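Per-chain residue numbering starts at 1, and chain names A, B, C, D, E and F are given in the order in which the chains are listed.
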Amino acid sequence: MRTLRRFVQPLIRQALRDDIGRGDITTKTVIPPKRHIRARVYAKAPGILAGTQVAIWVFETADQRIHCSIKRRDGHAVRHKQVILVLQGPAHRILAAERTALNILAHLSGIATLTRRFVQRVRSSSVRIMDTRKTLPGLGLLEKYAVRVGGGYNHRMALDDGVLIKTNHLRTLTQDVSRKTQAIQAAIRQARRRLPGKVIEVEVTGLREFRAALQARPHVIMLDNCSLRTIRNAVRMRNRTAQTSRQPLLEVSGGVTLDNVQAIAKTGVDRISIGQLTHSAPALDVSLEVL
Amino acid sequence: MRTLRRFVQPLIRQALRDDIGRGDITTKTVIPPKRHIRARVYAKAPGILAGTQVAIWVFETADQRIHCSIKRRDGHAVRHKQVILVLQGPAHRILAAERTALNILAHLSGIATLTRRFVQRVRSSSVRIMDTRKTLPGLGLLEKYAVRVGGGYNHRMALDDGVLIKTNHLRTLTQDVSRKTQAIQAAIRQARRRLPGKVIEVEVTGLREFRAALQARPHVIMLDNCSLRTIRNAVRMRNRTAQTSRQPLLEVSGGVTLDNVQAIAKTGVDRISIGQLTHSAPALDVSLEVL
Amino acid sequence: MRTLRRFVQPLIRQALRDDIGRGDITTKTVIPPKRHIRARVYAKAPGILAGTQVAIWVFETADQRIHCSIKRRDGHAVRHKQVILVLQGPAHRILAAERTALNILAHLSGIATLTRRFVQRVRSSSVRIMDTRKTLPGLGLLEKYAVRVGGGYNHRMALDDGVLIKTNHLRTLTQDVSRKTQAIQAAIRQARRRLPGKVIEVEVTGLREFRAALQARPHVIMLDNCSLRTIRNAVRMRNRTAQTSRQPLLEVSGGVTLDNVQAIAKTGVDRISIGQLTHSAPALDVSLEVL
Amino acid sequence: MRTLRRFVQPLIRQALRDDIGRGDITTKTVIPPKRHIRARVYAKAPGILAGTQVAIWVFETADQRIHCSIKRRDGHAVRHKQVILVLQGPAHRILAAERTALNILAHLSGIATLTRRFVQRVRSSSVRIMDTRKTLPGLGLLEKYAVRVGGGYNHRMALDDGVLIKTNHLRTLTQDVSRKTQAIQAAIRQARRRLPGKVIEVEVTGLREFRAALQARPHVIMLDNCSLRTIRNAVRMRNRTAQTSRQPLLEVSGGVTLDNVQAIAKTGVDRISIGQLTHSAPALDVSLEVL
Amino acid sequence: MRTLRRFVQPLIRQALRDDIGRGDITTKTVIPPKRHIRARVYAKAPGILAGTQVAIWVFETADQRIHCSIKRRDGHAVRHKQVILVLQGPAHRILAAERTALNILAHLSGIATLTRRFVQRVRSSSVRIMDTRKTLPGLGLLEKYAVRVGGGYNHRMALDDGVLIKTNHLRTLTQDVSRKTQAIQAAIRQARRRLPGKVIEVEVTGLREFRAALQARPHVIMLDNCSLRTIRNAVRMRNRTAQTSRQPLLEVSGGVTLDNVQAIAKTGVDRISIGQLTHSAPALDVSLEVL
Amino acid sequence: MRTLRRFVQPLIRQALRDDIGRGDITTKTVIPPKRHIRARVYAKAPGILAGTQVAIWVFETADQRIHCSIKRRDGHAVRHKQVILVLQGPAHRILAAERTALNILAHLSGIATLTRRFVQRVRSSSVRIMDTRKTLPGLGLLEKYAVRVGGGYNHRMALDDGVLIKTNHLRTLTQDVSRKTQAIQAAIRQARRRLPGKVIEVEVTGLREFRAALQARPHVIMLDNCSLRTIRNAVRMRNRTAQTSRQPLLEVSGGVTLDNVQAIAKTGVDRISIGQLTHSAPALDVSLEVL
């Protein structure tokens, strides 16, 4: 949490600065300067909470005299009208920080809520629901935290965090489709030789490439936008070789929805990565009410 | 655009820093250092573009040698597979910046696309579709730009940008419900006296409050979470007094959806503000392909 | 005050850094390291105080162990030798921060003192003495605060804070003098249509332009460098139309001095804006003395 | 100039950011986006220019496409209506940067103008007119540059830039007035021993202290708020010992005005330091006009 | 190199700022302002170059008009008096940047030189010479780059870059020595389960711990401060199991010197990590001479 | 110490950020989140401590709950196994900050240890051992502090901190060797005239230049890379003139080692400056052990 805060604190300051600008002129004009209030943050729709602690950091950054007591923590399910935080402190500062705190809480809880829905769809299998690098600028670490809160796992945190050889890398190496399988194997081997301390993953788009990748033995093979049938075949091929030595994990990516995730899980793949978790999760409706 | 860039540039740097970390180890390991490529960014779903120029800034920030030519500009509708940008430059840097550029373009285009859908639902009226301050930390100005691209209008940019007296202000002033109408009028008058250079808006939740607000003559009255019937009554009351002098604009907020926005527009209100535009717009699916 | 501090704190840090550099070598060399002192900050000339709290922030930023007790607050008149602050704490840090604290206090009090003199000259009228954007880089918010302390009002805080159509805008639109009145009206209308949430002011330099502006009904008309006679005529024309609807406020700007401000006020204008308040106010003489 | 720019550039960025805020809404609304203009910056009062290059940096920072040609440089005297700069470029950016550029130019030229007046009063002697550390936060280096432009010399740039033992140091060391002369000598000796690479100056308030200081042989002795008679006596005492070895320079500080500076110079002191140069110089009136 | 520059550029700016301070007063005073010079940077002792490009960045950051041509590149051996860079540009800026550029070049070349000596001692084996996290604050990435230039390999770049379970972790988990072997195995398994995307290394201090670690099958086992005999036994134990499946790499750390590194290499371990490479490499003597 | 901390704090934050990256994954994975530990930092080799307080700042910056008690302070000699600090606090944060704290402590103690060795070699004379500007980027102030701790003195802190006319300045002024002595004298005089508040030093490389310098009477003359014989002659020449007035201090620089420093000291020079103190001091071996 400390490392997270170190990353989040500049964002909180920036967000407060952006939203308050040269001052909350409404509050300064209509509310007496020393007025203290109690207020509560509550859910207006059901969902999974994420970001309650971040919301508290926002209020505390706005004014150290704001006292926050947490009623429901990250990972908990809330129902409509359930209270999440109770605040006490100077009216001026609580009202000035309200929107920034709620915006973050709503966004992260939206991600956790959507992740949880995916996780529950596949709970009968041991597959892992994973996020992608499709996060918003400046918010990646928070969004990936929300995925974990929802029960998902994090894929690479950044481009330095593991090797992932994608189709665009292979197309850069060769325009000649017939040599693509060679390129896959060469790339995997080169990565293993030069980066012994890194996990190596490769993206394939069909069985021919998959077979080539399998021979070069990366740690993970990602099946990108493949049909269920292709996925099933890939799982079978992988399992056949699994007796003799440690075999690659299989990951499915592309076109995964709440509707098809269960079918994909049943193929026996190890991981399903879903961009939607972070780039298209609707916000959870949360609100602040002065008591 | 210059002022926007000034705000966006630190975000771009931060996002590239976050995503590249200590280096794109895959590309550095498998792609020869001086390789140049051509690539295109294209849509994988229909929508309205916003953020093409920002995406170009991302690539140019990553490396000045990347040359971007724009095929479809902000505000244009794209269809599946239509090309948005064509890039040329060092493979290492294009691939390192790809995700950051696409993440922003996808998010902003998602907002513009949703805004456009709302705008089209109400095109037979003169009502304005407006955003709210429910934006993501660090992304507010960009998200509000995307709303404009989609045909919407911006509400307050920040808390210093106009007076908006909300229920929480009134509750802070008085717990006594019977005195709420008095509080509304007092707050409006105080704001007018002390902030002659500012537009004054007040939020009401029913007709009784509305009537009180109307008498105090703010510039705008927002009807928060009111029924269609209440809205219609409010419009009628406002119009009745409109002969004698400039009367407040009416704004509807809360619970607006693509399904009910047309009915709300027909009541004759002037503005409809919608948080969903910025906090829950799904990303537009865009992709980069090496040519 | 909190929003102000947020803006001022980086300035305080920078100013201390600039003035202390690699260390206060005199104090480090001649004063024993743990010596504590009491000291007082006092006025050496009469004036109106502004910036006492900022001066305290400077000392507290330099060292949290410095205890400041405030004897006369912002807005109070001080006489020669009257004590403003009493300090207690480590000699090293009080002496290192002294100059930075006094420089700010002297500058802001100088502005408040000059503003108060203007305000007192016009106290028999209801005219408002206002500042301009002629502030020093980095100090604008503080200087505008000092104007308020002196009894003045703030004009636009920045270029985003209201529309002010000036002669340079009109000259940019047309070189043809005969079309200037048309340009004034067109600009006002365009601004009203596109920026419904903003107050609109226009600068005119004579009666012909004034008349054109009056017809387009902006919120404020500024008479720039006009003679008393022109001002009087403008007031009369404005008042004649005032029966039927809300009419623009009139503002005088340019060439205002302590000598002529009273005569200008008597014409019946609503606002007088004075650059001198912030760009040419002599510092108030304040000093720190170890007790 | 490079080192100066390095210090000034962040200030310029901050000042533009502060003044432009979220955008120059007037210009954006009434001026067509691609309009280019020519404009000139000219003096509306006579004075000495300082900061012309800084003003150019402001315009260039606002937009690299603004082309500035300089007509009169720092150090030159201008008369009413004389042109200082001619600008050419995008109207939007010239008008957005105008105020920030002029504010700096007006302030620095005001300082240079006042300095020049002091320098001319003493031109028949070889005395040096010097500034003090009474500068504004963030502007010190620029203000001290303007003093040099006006013909003055810079005193210490910061607390690390030479030893200056002041009355407050001595009061910190001893409350006992009778031991003050001992304290002066001890402090000078300690500084010389521990800081062999630094020039040592001591502030005295009367002849008794002066005599003590003279014996300890610092590099400079400052006569603070002394009468002309005391100054004359001090000069005489210093000169008497000057045969045998290098003797301290004498500096006068406190209460120096345009009226008495000539008389002070005639006493034969070497340096006169004047806070007013930087803290109370009225701005030079400069203006920008679209051509 | 681009990613490296992104990290290094703030350091370069800071270093120039620190070293130049308020200006290079010597050069400004004694050298005419527009004087241009040619100068060369050359070695005064034999060694391996690292940081030539960084030195160029320093000069270019100081002034874009400085033109640098590189005579010997990173990784090349230089002899006494051999020229490394030839510079051309404004005397003021070359002399102001000289020390900062040379300090970095000397430090990094010192590291590359020492690394090369270690690498050459073990060239008959396939062992890898690796660095540690014993780098200087702010300089880690540069120092690790210099190790690569010298022929070494980089260990973890940071604490997020792979799992390394050390004795201090185990002591935190249990004070009971008899349970240490269990703790080792538990920790390895937990890390494997929770961080499937990371390489797992464990530090052991003797054969008993080594055996326990071997059973839990981490990717790497580090033998910390072990005798040659222990190392040899460990290699033998590891090799015995190597037939059946991929076995851990062995790494030696602690007490490695130029004298014993060859003997350690001969035991058959895979990696030797050496703190001295970065924390105690003497600088290479390099100098700048005006031509 | 406060001024030092102001400079050091950003470095500490940066170093922790660099070393922890996105989080200490080992500790987070294998150590229970709330585990508290005691640990000690101790020496593994004899030396002089410097940086103990900085190390404490590192731990406190990482987590305010870490309590550090200091056992041996800066300037004290430690023996093998002697305890320097005892720490108590959250295991996660102590282990995450360990390396950063130790790296700084080891580097600074290495410098203090080497400085002390030089100082002890010359303790029979009154010569001062001084550092140079050959420090590492970002670490200069800390390294110069460590030199003071070891008993050395600081030369110029930066290029603004005194005039040092070097051979490169003279070569820039004239290529004609026969005019070098004139150039020396001219440069010294110019510096004295224009920078009366600064100490002036000149570097000479032989007796001819020395004689010229002596006549121009700078504050210090540096004999760069001169033979013992030359140094002795220079001392004699200087002393001969010393009767009549204050004569320059003599400084030796270049090629100074532990072997020859005593002989140099015996020549009677006043200062010996040694780059090796900061650029090539081996780190002191220090370690952290969980108790």
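In this text, contacts are C-beta pairs under 8 Å (C-beta built on N, C-alpha and C of every residue); 3 or more make two chains touch, one makes a residue touch a chain.
These numbers come from a predicted model, not from an experiment.
**Student:** Along the shortest chain of touching chains, how many steps lie between chain D and chain F?
**Tutor:** Steps on the shortest route: 1.
**Student:** Same or different for chain A and chain E, when you check if over half of the residue numbers at their contact belong to both copies?
**Tutor:** Comparing the two copies, chain A and chain E contact each other through largely the same residue numbers, since over half are shared.
**Student:** Would you identify the chain whose Cα-based centre sits farthest away from the centre of chain C?
**Tutor:** E
**Student:** Have a look at C-D versus A-F and report the one with more C-beta pairs in contact.
**Tutor:** Counting C-beta pairs in contact, C-D comes out ahead.
**Student:** Any idea how many Å lie between the Cα centroids of chain B and chain D?
**Tutor:** 48
**Student:** Provide the list of chain B residues touching at least two other chains, using ranges where the numbers run on.
**Tutor:** Counting only residues that touch two or more other chains, chain B contributes 20-24, 96, 141, 157-158, 160-162, 198.
**Student:** Within the complex, which stretch of chain E touches chain B?
**Tutor:** 2-4, 6-7, 141, 157-158, 161
**Student:** Which residues of chain A touch chain B in their complex?
**Tutor:** Per the touch definition, chain A meets chain B at residues 11-12, 14-15, 18-27, 29-31, 35, 37, 39, 91, 95-96, 98-100, 102-104, 106-107, 110, 133-141, 157-166, 168-169, 171-173, 187, 190-191, 194-195, 198, 275-276, 279-280, 282-283, 288-291.
**Student:** Which residues of chain C touch chain F once you look at their complex with the stated criterion?
**Tutor:** 17, 20, 22-24, 62-63, 92-93, 96
**Student:** So in the complex, the part of chain F that touches chain D is made up of which residues?
**Tutor:** Touch list, chain F to chain D: 155-157, 160-162, 196-199, 245-246, 249.
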